[in-house]
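Next come two complexes built around chain A: one with chain B, the other with chain C.
On to the complex of A and B.
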């Protein structure tokens, strides 16, 4: 049985380039950010990165099944607006509102998933359309940032449990455990099958429709988690708060080694990709690059990361 | 309806977007029998197989299993009835491993939905051992050789322990030894009362393994041979496939091209030892000025690859190509277009035309793209030339401003030919040029091509329809599994010869 660890399998893994990039950027960070390895820096980084990592997982699942969701950001926005409009001071109301927001996220994912898998329009355009729709609804209810988030809610997110275990980390660890559980499921194999070749999967008797719907619902769950983090961190409802997340999460997934056509790569990839993007912004900040150039540099580094990931594929197809 | 049949199909009809694939297919299968299904390309064999396995629904007709009518709503229904199919365009997921593929769609799981991985791997291992295949369970399918993929596909179907097994050209990419193992397995299945439908183009395989055969032609069942009563003679099968009786009724719609000798003409295209990895092996041939050379044989034996390499779409692995006696390196389509070698593609809508543009735009495009141009186009001059071109190709209607998408299929194809005329072609490569074109325009198109050859243009023609080769070619090269195995000249070009050579019947 050759089931054990093999170095060849390791470096041929589509996530391998992103692993190298991640190492490089951590080293860079360690040099630039003072006290990078202290608890304080770790926690502040953690608070900033968590929403993007969670959204990247949501996006990664959808990309694995061969679709893409550009409405994830608008979903986050709309949920922050909902939560900031409804939340009261009591614990009960906080809990209810979080549940409400999560329910809305699931519903929105379901709408996307149903349209895409039942009628079959291109996911890119479908979710672009729904993202405009969600954004419009959010703007309608809250044209300017506002609403009320009790400070207790924000504090809870920033607080620590026993042994100084940050609450934000619970979100991440919870998400990872959930992913680990999913990766053991029979359904997980079907995600890759549908993403790899839909017709062939159908010919094997797998229900393609329900597989896609389940993936969208699952991604809705991760987006809901991300939205809760965003609300807790910004303490406002903002129709624009989620805008960057859609394309950043796509970039994170592709940097993490997923194939845009689906069915290829590991779900650990988007997690690393999300981390890379987060650390990237850190590096630019601590390298004292003026904010005017930050976006410019960010663009260059993202292109660079994408190119590194694409090299093996390029070498393969060139021999045509 | 007869109870003794395990499977019976009556008057099955199916069409796709108005194109009839099956017009009247009937079929019976006994228990524990291997039944061959034969027919030319496009005779409806695969469509029929897909209907039995529940992948597509028939428009009309009945299916009976053990004498009772069944209605297959999906592939799952067929699987529940123990019908399994080995697909021709493989149903494997390239990015998944061998064991995952074998188990796909019927993985066992706990009540929590957690995959029973160990059990799945054991099942895959047993399935693979049964067919004596040497593949690693943990290899990704994309890393396997074509023959290994084909074997895996068979392994997968067998691991479902079917009562009825449909094999759609299972041997197309298998080696000799692997075919032997497969046949041994099929005979063993037969002992266990499993019924097998065996689709193949290789007649010698049919006569060897099958107990009976059913022949399809143009979507109809046209006959059957029971080898338990009749002799296993390949010569009995060919007329069933081609539809020609012994008395030789001619049904050709084409006037045959007069036999000419080109011995004295200059060689314009010479191909030596052309090889493309896994596709073509040591292809050598010459084409002389004014000659039409056909590439015959079964579909997908490498004919298209030859044309694509000559047109610069694909790269060769090794070999020499000489045009006008000069060796050329072809790395890009423009390299051959410069030398007057033009491809008329089979899928004209995708590869040959800008559908949403006018006839004029399409006609001048190669000219604009290839010739050294002034910055501003001499539109009046181009219009004149384009007018001449549509006259030569007798376009109906002769209107330069008409959108190409509004033309009929045949006239679209004329535009594809016409766009090369202003560049004075030397060699035309035709890739199945009359796909979906009616008889009249077909004749028209070949008129244009014949006229061109009178002016010294050489033509290399691949047609999936043998009749076109018969009517138009001076010579036909038979391609089989990437090699030229035969050459038929002059009077020898007839349906019987072509089919016999294509199927390698001696």
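On to the complex of A and C.
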């Protein structure tokens, strides 16, 4: 039975439970949100979910290499502040500011990556400290939400290209293509190797230091994309706009079947995890749950998803 | 002769170890911070002000005790729900107490019990379903926060009774009662960690859970218990925080979660588990609180405070937990 389709391998895939959860939550959404399957609803959902999915990809890559980044949210905030304070009406300035913001994102993730891979402190604490730092810098430049984002910029994000292809989808498709391209590189295997066993990888001649730095830079790129989406959507700079993203992206990655110790799971996991979380918040909204219960329900459903996510591991230990 | 030189080397090493141990460095850091505070703000180092800074670190200190137990127990153990449990501890104890001294035993019993419940649920999921502690306790934080919203409907009721207010704000010989409570807690927990069988098991489970398992410890059940205790202690800290503030507010504990972990790292407790003691965490808490109170006393904007705190925290974390890699 070595050849052919093996159902066992399919359901024991770490991302399989998240796939099931995704299906379940889509069905739930279809019942609750009127016209869930119409183009309008699809587009409005897409606009809301894109930043979280992009952040989850960034977080997923970092978790794969065995670290975690709690400063992603603060990074998004700081970039929205930067963009909202600099952006002008001309297309040229928009382009320049987006480039500036991306540069800043890369710089910030480089700082995190360098400190973690050079000095070796626990990533959890390091990125918490940098998140406090980024938040402080964002507050310094913009104590209250404000700044200026030309409406043309927001419209661009909401607009559609030929054949009613939403621009937001281009962001996602672009991100997926980039991921697909990277997954063909040798570097992608190094990510898993470093996440799985750092010392052994080092002993086999892989440069652990540069691999980690590269992963952080790559995640910076995805965070920059996410920040552009957030700015376009909210049309303001806000030092608190990114607050929820760090922890939600970690949750999305784990729900998507990544192992917290790194080196296990597929990058499709965080994408599905991000979608699940987004749809989840949708459900809580459309099910008319009072705001008092929303936080509670969110926690319960995340725990529930995590528990389902643990099923393949359980089955594996059973079948041994 | 040879013996002599050897022993002197040994002595020198002992001296070196005593003065340059991580714990000693933490003490120097505390002294340095207070001197720095005195330079920036004359009067910072006066007895009453030092005491008031120490009193502020009590709450973080109690929360850090539970965190210490969880971190020592190993397996990437960490509890990110302590802040929320502290918050619900404040709200619940105010509700139970309702300003009456007679309700104190009830609050003393029920508040930690609720925290214990939340901790046990986290522990069960972490131990038996093998959900990573970070994400499980994070989701639990959401649940706890949601619970306190549901029971208060956004407006917490009740307040601290006179006796508790005395504990929270009163002093004896100029030493706040809260600090005395903390000292008792420090001594008790150090005794439990170092002298009892339970403490030994904790270190054993943390440093090598397999050998602990083979020695007959029910490792999974033990870890559930540790998370439960951590929750109970966090809720207990909420009771004391209420005694200090008098009236309850929602989310009073929001700024305790990450500092409680950072204080362990600064105090020389490895986040990998299996070693460290509570005294280290205590020094870490005092360092963080002193730093914060200097920044608050400087009357800068929140932005400058956050930037300085983040930067210093980063430096502290690198200095204490960094290990140069090839």
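The rule we apply is simple: the second predicted complex is superposed on the first by the 304 of 320 C-alpha atoms of A that agree within 3 Å, B and C clash if a C-alpha of one lies under 4 Å from a C-alpha of the other, contacts with A are read in each partner's own complex, and residues count from 1 in each chain.
Note that in this section a residue touches a chain if its C-beta (ideal position, glycine included) is under 8 Å from a C-beta of that chain, and two chains touch if they have at least 3 such contacts.
Keep in mind the model is a prediction, meaning the values are calculated, not measured.
Overlap between chain B and chain C is detected when the two structures are superposed via chain A.
Residue contacts after overlaying the shared chain place A:171 against neither chain B nor chain C.
By the document's definition of touching, of the two partners only chain B reaches A:264; chain C does not.
Look at A:251: by the touch rule set out above, it reaches chain C but stays clear of chain B.
Residue contacts after overlaying the shared chain place A:202 against chain B and chain C alike.
Legend: residue contacts after superposition of the two complexes on their common chain; A:118 is shown touching chain C, with no touch to chain B. With both structures placed on the common chain, the touch criterion links A:192 to chain B but leaves chain C unconnected.
By the touch criterion defined above, A:302 lies against chain C but remains apart from chain B after alignment on the C-alpha atoms of chain A. Once the two structures are overlaid, the count of chain A residues touched is higher for C than for its counterpart among chain B and chain C.
Once the two complexes are overlaid on the shared chain, A:135 sits against chain C while remaining clear of chain B. In the overlay built on chain A, none of the stretches 61-69, 97-105, 151-159 or 187-195 of chain C clash with chain B except 187-195. Across the superposed pair, chain B and chain C both touch chain A at residues 202. Per the touch definition, chain B reaches chain A in the complex via residues 55, 74-76, 79, 85, 87, 90-96, 100, 103-109, 112-115, 136, 138, 314-315. Note for the complex: chain A touches chain C at residues 68, 115, 117-122, 124-126, 128-137, 139-140, 143, 202, 208-209, 247, 250-251, 254, 259-261, 292-300, 302-303, 306-307, 309-310, 313-314. Partner chain A is touched in their complex by these residues of chain C: 76, 78, 125, 129-132, 134-136, 138-147, 149-150, 153-154, 258, 261-262, 265, 271, 301-311, 313-314, 317-318, 320-326. Here chain A touches chain B in the complex through residues 2-3, 184-190, 192-193, 196-197, 199-206, 263-264, 320, going by the rule given at the top.
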